[in-house]
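Shared between the two complexes below is subunit A, which pairs with subunit B and subunit C, respectively.
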Partner chain A sequence: MHRAAQRRIIIPFLLPALLLLGVFFLYPLVRTVDISFTEWTRTGSYHYVGVENYTRVVDDPGYLNALKNAFLFTLVGGCMLFPVAIAIAWALNQRIHGERFFRFVVFAPVVLSAAVVALMWKFVYHPTLGLINPALEGLGLGALARTWLGDAATALPAVAFVTVWHGIGIWVVLLSAGFERLPPDVLEAGRIDGAGEWRLFRSVMLPMLRDLFRILVVLWIVQSMQAFAFVFIMTGGGPFGSTDIVGTLMYRVAFERSEFGYAAAMGVVLVVIMLIVAQLVNKVMKRDELQY
Partner chain B sequence: MKTMRFVVPLAAGCLALAACSGGDDGDTTDAGPDAASWHEQIEGSPLEVGVLSAEGTPGLAVLQELADGLEADYDGTDVTLTFANTDARPGIEQRWRSGDPLDVDYGMFDGTNPALTVWADDGALLDLRPYLEANDPETGTPWLDRFSPQVLEFMENPSDGGIYGVPSELSLHVLFYNAGLFTELGIEPPRTWDDLLAANTALKAAGVDPIAVTGLFEPYMGMWSDHLWLRTVGYDAARAVLTGGEGHITDDPGFLEGLEMLQQLRDDGAFLTGFEGTDFTAAQAQFFQGDAGMILMGSWLVSEMSDVIPADFQLGVVPFPTVEGGAGDQGAVMAALQEISVAAESENIPLALEWARRLTSVETQTQRAEEIGEVSAVVDVPSPPGIPGIDQVVADAESLEPRDYGIVQSPANEVIYPEIARLLFGEQDAQQTLERLDEGLRRVHGN
Partner chain C sequence: MSSSTDVRPVPAAGRPTPPPSRRRRGRGGRRQGSDRAPFRRFHLIIYLLLGAVAFSTAGAFAWVFNVSMKTNTEFIGTRPWTVAEGWRWENYTDAWSAANVGSFFGNSVIVSISATALGVVLAAFAAYPLARIPFRGSGLVLSVFLLGLMVPWMVTFIPLYVTMQDLGLLDSRLGLALVYATYNLPFNVFVLVGFMRTLPGELEEAAAVDGAGPVRTFLRIILPLMGPGLASVSIISFLQNWNEFFYALVLIHSPERMTLPLGLFQLGQAADYGTNWVTLFAGMMITVVPVLLVFALLQNQVTKGLTAGALKG
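Our next item is the complex of A and B:
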């Protein structure tokens, strides 16, 4: 009786959240699935075509290329992001002079808009007018100069680097919180036992932060698989599709060709793939929970 | 299970909502005012007009002046200028789909592009023909007579003969060259392909990259293959194969010929150093800075780059070079007409028509040509002083052909321009490009 009354009391408190969830998540999701079974004209009339859009998706080399690039982007970006973000967070966890300044420097790009950052880096990467190639040539390393965004081998890593540069501050903040949460008595015990800071970092801190890393890796996968702004502005998916990801392909299909149903099917397939990948990563990285 | 109690009814509700939303209701009315007396029915009211000029540009200032004039002449008029250029189009088109169109908008109609006649076919646009055929109250002659007959095919809907767009400006695809540099080096403006190759050689000898092009926007590299195929294959035949899905690209040797000519430019090192990683804004700026001798671009180049063109820069313009022995159209010029359309559902069609009438007046078009360098499709409007020779290009053109064969709006977009980029980047030769194009087009068109 008492428990039932408790449940009734909870309902009004849940309603606003449920309403928001329904309007901004469930409805768009359901509507996207609905649209994915239709074929549209540019003016907005449509008819149902069943699973035709899905059969097209699995046969579409453009989609498979975009999917492959999205995974590459996630992998390459992740390799650029996590070691650096962990190193910075660890360094900021030490007592260093100018810590607040360094925190500011690391976090500053986060507040810039993606469009501004993308345009700025587009010029930085420019083969002859930019900063990188002339600097390399000035240092006698001209052999390393590339047409960064115009070379199919370097374009994707170049865009991934900018994405990481822009957002790394957030990841550093999250990781710093993890470092600060570590129990000081455990670390102190390690120090008393004679462990150096590197040994503490490697053998105590990293294992204790494993759960946090698992969550952050899943977050990164979800975020980077949906990357759009940097690719769209910096390369438009080129050269010849080498940076095309599902987001940019969907945009072109939906808004240049007005194939909304097909674009929706691409999105739904991406959601399913992301759920599977996130679940797999979660499972692979899952270890016994540490209580501290 | 407990969660499901909430989620299932919510999801069911969402599904019901989804089932009820959107739909086939594209009902629009085409009840414009009487063509003979529409001008007398103009009353002041809010009017939302799409514009292509960005905030702070001279182009927008001219349009604002036009809006101020309309507001002064008709009490209660309040004109809102809404940015409606490329990046804003998805949102604007969504407004049209949801029944909240702009009263006057760009990009809604192009009679030469099947992807852009659909709004007219579905009744979303006002048929302007009755109003264009009626006498203009100021000139006493039909409004339609203002426009160059060459652009009529862009304005007319092939399916019903109606006119659903009036030209605000005309963009011609031409070869711009640095006339000062050409004079200094004694190079003739390239009228033929051989002239172009000779110009390349002379420019390279002088240490200047011959041609500015961007590698970061594939359709601008594709402008070269578009024009070469226009000369070696011809507009209708090329369009039929590329976007119409009729026949195969290997059927006509002109396609390979065009690709080989493009490869020749690449192999000669004709393109701007580092073009592969150069954005179009930078490529255009480099042309005006003298880093390159020529650029193939739309006539909007001058108004778009007006802030960076040095005061002493001498610009020259010629049509795309002819190809001797080419089986295509040697006298054709590729063009795009920026047309404005009136929403059939506009609440004040007479006022919307008046905006279109004033925008296409000789006075306004002349002001736009002189102040912002825009080429006009209105007769008796002088050529923009910033593009000397463009009037000759228009006069000499045997026909104006729509740019890009409609590739960008078709699934072929995923195939054609990326392969052209591969060719220019040195990833493959002309023959390999043709083979990959053939494979891709067969897949896209299912033939």
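Our next item is the complex of A and C:
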């Protein structure tokens, strides 16, 4: 009787959430695939063109450039992110003074909107009104000054740096939780055997955290492949397409050129590529599970 | 354990090493000063590293604040770190009313609060049967929710745009709130199901013996026990909704309905071509300060919610 009463609430409890999910997520998701096989006109009428959009995507130099930039962004950002995040997480676990303050400062940018952070850094990078170039000149390093966001060589790393600056707090929190769950007796044993902190870090902590690293690397890849706000606000994809990524390209194709079908195909290809890459990374980094 | 994790003894070098268990349990606030590790040489490196991070963050905000106190001519004419000549609070009132930051702020409050409330309430209702009532297809329903965590949600923007147009929800705050609530659901359901599964199974049986129906059991017994979980998902959803940029850009066109991130972006575009920088900087401060204050109060909740969602469950 109790079970029967419970069964009666299943549908009414689930329905509202499923309804929202259906209308605003599942239906659009299915329709994205459908739209990717059509060609839209500016008036909103459309007709099916089969796989034409997909064959176009594959040879579109603009799309290939966007993909290349997305990978580069992921790679450059990852190289900036992980060493620093691991160092900070390790440092915060050393029971130092002012730990709460440092945790606050490291995490604070995370709670700010990407729009504000991007705008702020756009000005920080500004060649004459910003902070970086005048500071370099002040230090006598004027030769290093450049138009950071206007130079095809530096724009992508500059945007990647801001993305990392904004989000590093999340990764520090997750890594920190990993450090905290390391078994104290193993670390203790290491200390008794005379291992210094560096040795413990390199030979005990890093190997034991490998599973966590694997998850975080996959998360980073998935997340940075869909970066949008920073690139859109700071450079809009320029200069000369050097920061154009799939998100900004899709947005332009859809709303400036009104080619909805083509933009949808770009999105579907991105999802497929992302799933493949995530699987690959997961496999490459997989070792036997550690139990502790 | 694999060989790479074995601790190999290191030939005892230099200083004899350290003290008994330095392990701590439970974080934030409850540690006393006496509990801290004694200062050691390598701590200097830690302080330098963390100090640099803290300096960059604080410096960036100090700079924004300083510029927000300047005049436009001062901003162009002086070196970036020159301290503003006076306290020009009128930049803030200009930003608030003339540049519409007040209205953006109001829109953001309305949209984020309603979306967060809707997303959390619906997720709590949906999570209950998924976590505690065995039924056929529950695994399937749960994976449909979790699909939302795996598919990059940005990809669906074209049909979403078309759907919103068909429903007459394009360029409306209601439409934006519904979309945000939907995109909060997968994470909220995922975390709340995890939390609910940890509650003991006797709860419902005891309630049934006492004559409570399932709805009553859920509202009076399960929900009150979910306090920390609900707080976590509410805070994280709210932050996400407050800061969301992409869907606001796609779905909202009229300036009077824009949220803060979108409004500031528009202001930034205008500053690019015009000369009104200081108002933009004041607008940024107005956007940033309340969020940072709330975060300072709820720091532990926010970070705990994050680890609960990402690592457990």
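Everything below uses one rule, namely that the second predicted complex is superposed on the first by the 263 of 292 C-alpha atoms of A that agree within 3 Å, B and C clash if a C-alpha of one lies under 4 Å from a C-alpha of the other, contacts with A are read in each partner's own complex, and residues count from 1 in each chain.
Assume contacts are C-beta pairs under 8 Å (C-beta built on N, C-alpha and C of every residue); 3 or more make two chains touch, one makes a residue touch a chain.
Not measured: the values here are computed from a predicted model.
S.K.: Check subunit A with both subunit B and subunit C modelled on it and let me know: fit or clash.
M.R.: These partners clash in the superposed model.
S.K.: Which partner does A:31 contact after superposing on A: first (subunit B), second (subunit C), both, neither?
M.R.: Both partners.
S.K.: Please indicate which partner A:194 is in contact with in the superposed arrangement: first for subunit B, second for subunit C, both, or neither.
M.R.: Second partner only.
S.K.: Between subunit C and subunit B, which one touches more residues of subunit A when both complexes sit on the common chain A?
M.R.: The partner that reaches more residues of subunit A in the superposed model: C.
S.K.: Give one of first, second, both or neither to describe whether A:45 is in contact with subunit B, with subunit C, with both, or with none.
M.R.: A:45 sits against subunit B, while subunit C stays out of touch.
S.K.: Please indicate which partner A:122 is in contact with in the superposed arrangement: first for subunit B, second for subunit C, both, or neither.
M.R.: both
S.K.: Have a look at where A:149 lands relative to subunit B and subunit C in the superposition and call it first, second, both or neither.
M.R.: A:149: touches subunit B, not subunit C.
S.K.: Check the residue A:17 against both partner chains and state whether it touches subunit B (first), subunit C (second), both, or neither.
M.R.: Second partner only, subunit C.
S.K.: Just which bits of subunit A does subunit B share with subunit C as contact spots?
M.R.: Residues 14, 18, 21, 26-27, 29, 31, 34, 122-123, 129, 254-255 of subunit A touch both subunit B and subunit C.
S.K.: Under the touch definition given earlier, write down the residues of subunit B that touch subunit A in their complex.
M.R.: Touching subunit A: residues 6-7, 10-11, 13-15, 17-19, 21-26, 89-90, 93, 96-98, 115, 118-119, 122, 124, 215-218, 273-279, 282, 286, 408-411, 413-414, 418-419, 421-422, 425, 427, 443 of subunit B.
S.K.: Going by the contact rule at the top, pick out the subunit C residues touching subunit A in the complex.
M.R.: Within the complex, subunit C contacts subunit A at residues 1-2, 4-5, 7-13, 16-18, 21-24, 27-29, 31, 35-37, 42-43, 46-47, 49-50, 53-54, 56-60, 63-64, 67, 75-76, 79-81, 118, 122-123, 125-126, 128-130, 133, 135, 141, 144-145, 147-148, 151-163, 178-179, 181-183, 185-186, 189, 204-205, 208, 213-215, 218, 239, 242-246, 249-250, 260-262, 264-265, 268, 277, 280-281, 284, 287-288, 291-292, 295-296, 299, 302-303, 306-307, 310-311.
S.K.: Under the definition above, what is the set of subunit A residues touching subunit C in their complex?
M.R.: It comes out as residues 2, 5-10, 13-14, 16-18, 20-21, 23-29, 31-32, 34-35, 87-88, 91-92, 94-97, 100-109, 111-116, 119-124, 129-131, 134-135, 165, 170, 173-174, 177-178, 180, 184, 186-199, 203-204, 207-208, 212, 219, 222, 225-226, 228-229, 232-233, 247, 250-251, 254-255, 260, 263-264, 267-268, 270-271, 274, 287-288, 290-292.
S.K.: List the residues on subunit A that touch subunit B in their complex, please.
M.R.: 14, 18, 21-22, 26-27, 29-31, 34, 41-47, 61-62, 122-123, 125-129, 133, 146-152, 234-236, 238-241, 252, 254-258
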